[in-house]
Amino acid sequence: MVRRIEPDGETFEFTFEGRTIVARPGDSIAAALTAAGIVNLRDSVVSGRPRGVFCMMGSCFDCLVEIDGVPNRQACMTAAASGLEVRRQRGGVEVQAS
Amino acid sequence: MKSCDIAVIGAGPAGLAAATRAADLGYDTVLLDEQPSPGGQIYRAVETADHARTEVMGADYARGRAIVDAFRASGAAYMDGALVWNISTDRVIDFSRGGASSQLSAKRIIVATGAVERPWPLPGWTLPGVTTAGALQILMKASGIVQEDAVLAGSGPLLWLVAAQLVDAGAPPRAVVETTPRAHYRAALAQLPAALRAPGYLAKGWRMMRKVKRAGVRHFAGAENIAIEGADAASAIRFTAKGASERIEASSIALHQGVVPNQQITRLLRCDHAWDAAQQCFRPVTDEDGQSSVQEVYVAGDGAGIGGALSAALHGEITALAIAARDGRGDPARLKSLRAERARDAAVRPFLETLYAPAPHVTAPADDTIVCRCEEVTAGAIREAVNLGAPGPNQVKSFLRAGMGPCQGRVCGPVVSAIIAERRGETPGATGYYRIRPPLKPIPLSELAQFTIPDAPEDR
Amino acid sequence: MSAGTTADTLVIGGGLVGAAVAWGLARQGEKVILIDEGDVALRASRGNFGLVWVQSKGSGMHDYARWTRRSADLWPDFAGQLAEDSGVSPDYHKPGGLHFCLSEEEMDEVRALNDRMHNVNGALGYGAEMLDRKQLDELMPGLGPDVVGGSYGKHDGHANPLLLLRGLHAALARRGGRYASDARAETIEPDGTGYRVTTPKDVFRGAKVVLAAGHGNSALAPQLDLDIPLRPEKGQILVTERAAPLLTMPTHLLRQTDEGTIMMGDSHEDTGYSTRSGSPVMSQIARNAIRCFPALANLRLVRSWAAVRILTPDGAPIYQQSDAHPGVFSLNCHSGVTLAGAHALALAPMIAAGALAPEMAAFSAGRFHGQTH
C-alpha cells in the first residue's frame, strides 16, 4: 500500500518493537514506519485508543513514540538513524523512582 | 547571550526571502527553523529531492530551489533544528537545539511560521491511517514515499494538488471526496473575472483536476456526513453525496480543509489578532509590510494571512525592505514593485476563498465528535461548558482541558473558538482564542533546568 | 429590567472565592447572581496550584491558622456535597502533605514553626510532625540526595482547582443561581434598601453585595467606602506531560494530578499585574523540582503559566463587612482552594444571615488601620 518513488537507494536499519525497519537517508522515524506499513504508534493517554501519524509536520503530537528509552518523542520530527530502538508509547510516562 | 539585528523564525519561502534580503541589506540576520533543512513545508527537502521526486512534485515545488540557494548564498546565519519555545517582551528568544537550550537577543523579529491545516473534526479522525493531506505530500517530498489507494477528502486546492501528484507518482488515489458546497461554485463565479487577472492559477487548477479525473479517480462532489470507520486503524470512509450513502474501503484517508495562519508565536507575543471573515480564520493584525501590533515584531508570509507560496516569498522580501526603509536604507523602488506584484498575485484569493470556504459542517462537529485530539474533548462537552456560562476558549480550556495537551491547542484551537462562537451567537473574533504560553512545544525538564540565564556580555 | 438581573445577593467575581460563596449562598436558599469578567482577565483561580494546605499557614495570625484548619476539616464534606450538586468531582484527596527541607537550617526553621504552632488548635492539635530522611523515604520514594528531611502534615491534601471551579459553577446553576459573564462590574451604588451594580451590558440589583473580584476589589471597594489594602505577587507554575503515578502525596513544591501531570511551583515575584511566564524563574522551578525528585528530569514540560496572588499586608485574608453600607461584604485572599470549604460552608451562611460572626473580627481590614472593626 506504500511505495517509494525511487526504487533503489542507500538504506539503513532500526527497530520498532523489536522488528527491523529499513529506512533511507532523509527519513524521519514516522516516514520510515509509514513506508514499512506501520500506522499504530501509540495508545492515547486518555482513552487508551490507538493513534498514529496525523500531520507529519510537528504540529499535532499524535506520532509520539519512545526512542532509545526516551518517551513521548515526535516520530515525524526525529530523523531515523541506524540502530535506534523505537517502541510504541503506551499511556503515561513511566518514571523510575530510583 | 548572542544577539542579532533581525531574527527570522521559520525557513519557508517568507522566512528565506526575508533573511536573504535582510542579510543583503547588511543586517546581522539569524534564521531559526525547526526542520533539518530549509524550505518550510512547501519546499520541504527541495535541496535533496532527486530528479524523479522533483518531477512528481512539479514545477512549483522545483521553484523553491532558487529561493533556498539564494538564502544559502546570503550572509544570514542559519540555525537548523532550532525549536523556539519562548520569546520575552524584550525579544530574547529561548530555543532548543541539539538537546540544549540557549538564547538569542534580537532587535527585531520576523515571524515566518506559515500555515497549518484547518482542523476538521469528524467521527473517526483520530484513527491511525487518517492523516492530513499535507502529511501525504510531506511523505512524498521528504522521503519519496507514496501512499497507494488513498482517499482524499475535503476541500481546497491542496486536495487536488496532492491527488495530481499521486497520479504522477503512479499511485492514483482511490477517490477524491469533495465537501465544497454546490452553492460556493455559484458564489465564486462573481469573483472569477478578478481571479483571471492573477497569472496562471486557474489554468493550473483546471489542468490538475483534469489530470486526476482522466486517471480514472472517482470524484464525489458536495459530500456531507463524513465519518471514518475502523477498529484499531482506519478501514473505510462513509459519506453522503447527491442523496446517496457511499462507503469506500481505504486504509489511508487524508483530510484537508485549507490552511490557516499558524498563530502560536504571535499569540505568545500577545500580538493583536483579528477574525478574517473572508479567510475564515484568525490572523495577526499587521500593516501591508508585516508590522504587528507589538513593537519590532513583524509577520511575513502565510502567518500574516493566507496568500500562498509566491505571495509569501514576496512578502518576506517586502518585510525586510520595509524594515530597511524605516532605517533610511534599502531600495524604495523595489519595495514598491514587490508590493504591486504581491497585490496582482492576490487577485485570485477572493475566488479561492469563496469557493473553498469551509462548509458549515466542518466547523460544527456533532456532539460526540472528538475536537481536542490530545485530551479527547468532544464538541458536546464544549457546548455544555458554554451553557454553563464559560465566556470563551480559555475558560473552556480550564474546565475541560481542551488545548492543554502536548500540541498546546495547535490543532483544536480554531474549531474550539468556532463552536463557542456559534453557541454564543457571535463571530469567532468576538469569542477570541486560546492564550498561548511557553513552552511553545514540550521540552525536557532537564533541559530547562540546565538552561541557565547568562547575564554575561554579548559575545556576538 | 428583566427578572434575570435582580437577586438577594450579587457576588462580584466568578473565581474560586466568589463561586464558593455564591454556591454556599444558593444552598441557603438565596437567589444569587455571580457577576464575572470575560474570558481574558487576571484569573488567579486558573493559576492556583491546587493544595488544600494547613501546614505553615497563619504562623503570625493564629485566627488564620484556625480558619485554614476549619476549611481543611470541612473539605471532605464540601467535596462530597459539591460533587453531588454538580456532577463534577474536584479530585480531592487527603493523604497528608509534605514540606521538604533541603538543609539542616531549614529543618530547624520548620521544626521551630511546628513547635510554635503546636497549641494553635488546642485539643485538636496542629497535625504536623518532623520526619527524618529515613521516615520520608518510607512515605515518598524517589527523593533526591539533597532532601534532608521534612514536615508531614496530616490535614493537608490537594484538589484540582479547575475542576473545583467548574463544579462550583455547575452546582450554582443547578441551585438556580445565575452566572453572568462578560460583565465587568464598573460601578456599585446604594439603590433603595439594596445595591446597584452596573456592567457594560446590564445593571444588576441585589439586597446584598459580595466583593470577591480578587485584585478587582481594589477599584470596587472604595466605591462603598471600604479601604482594602492589596498587593500583587506573581507566582509561576510548570506542568509536565502525563506520567504514571509517581508522587504518593502533595508537597509544597510539587504535586501530581489525577490525570498524571506533575505541577511544580512556589515562586514569588513582585512584577505588578504581569501574567507572563519568564524563563529564568521557569528554569529555577525546574531545578528545584529535579533536586527533590531527580527522576523528573526525564519528563517534558508541557505548559507554564503565571498568575497574580492577592496578598494583604500580612498575607492573611481580609473579610470585611461595611458598617456604612449594611449587606456589603468584601472578601480578599489567596489560597482559594484551601479556603473553599470554609467559604462555601461557613462564611456563606454568615453572609446569608446578614453579618459576619464575631470570631471573624480578626480578619477585618481594621487591623491595618489601627482601628477596630
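For reference, chains read A, B and C in written order, and residue numbers begin at 1 within each chain.
Everything that follows uses one rule, which is that contacts are C-beta pairs under 8 Å (C-beta built on N, C-alpha and C of every residue); 3 or more make two chains touch, one makes a residue touch a chain.
Predicted model, so just to flag it, every value in this text is computed and none were measured.
Q: Greatest Cα-centroid separation from chain A: which chain?
A: Max centre-to-centre separation from chain A belongs to C.
Q: Identify the chain whose mean C-alpha position lies nearest to the mean of all protein C-alpha atoms shown.
A: Taking the mean of C-alpha atoms per chain, the most central one is B.
Q: Once you find the CA centre of chain A and the CA centre of chain C, what distance in Å lies between them?
A: 43
Q: Report the inter-centroid distance (CA atoms only) between chain B and chain C in whole Å.
A: Each chain's C-alpha centroid was found; their separation is 40 Å.
Q: In whole angstrom, what separates the CA-based centres of chain A and chain B?
A: Centre separation, chain A to chain B: 23 Å.
Q: Taking each residue of chain C in turn, which ones touch at least two of the other chains?
A: Only 241, 296, 298-300 qualify.
Q: When you check chain B against every other chain, which residues touch at least two of them?
A: 405-406, 442
Q: What residues in chain A touch two or more of the other chains?
A: Only 72 qualify.
Q: Looking at the complex, which residues from chain C come into contact with chain B?
A: 14, 36-40, 43, 46, 162, 165-166, 169-170, 173, 179-182, 238, 240-241, 259, 276-280, 282-283, 286-287, 289-290, 296-305
Q: Note which residues of chain C are touching chain A in the complex, please.
A: Touch residues, chain C against chain A: 141-142, 241-244, 246, 260, 293-296, 298-300.
Q: Which chain A residues qualify as touching chain B in the complex?
A: Interface residues on the chain A side: 1-6, 24, 26-28, 31-32, 34-35, 39-41, 44, 46-47, 49-62, 64, 72, 77, 79.
Q: For a test of understanding, state which residues of chain B touch chain C in their complex under the given definition.
A: Interface residues on the chain B side: 86, 88-89, 94, 103, 385, 388-395, 398-401, 404-406, 408, 431-432, 435, 437-439, 442-446, 448-449, 451-453.
Q: In the complex, go through chain A and note every residue touching chain C.
A: 45, 70-72, 91-98
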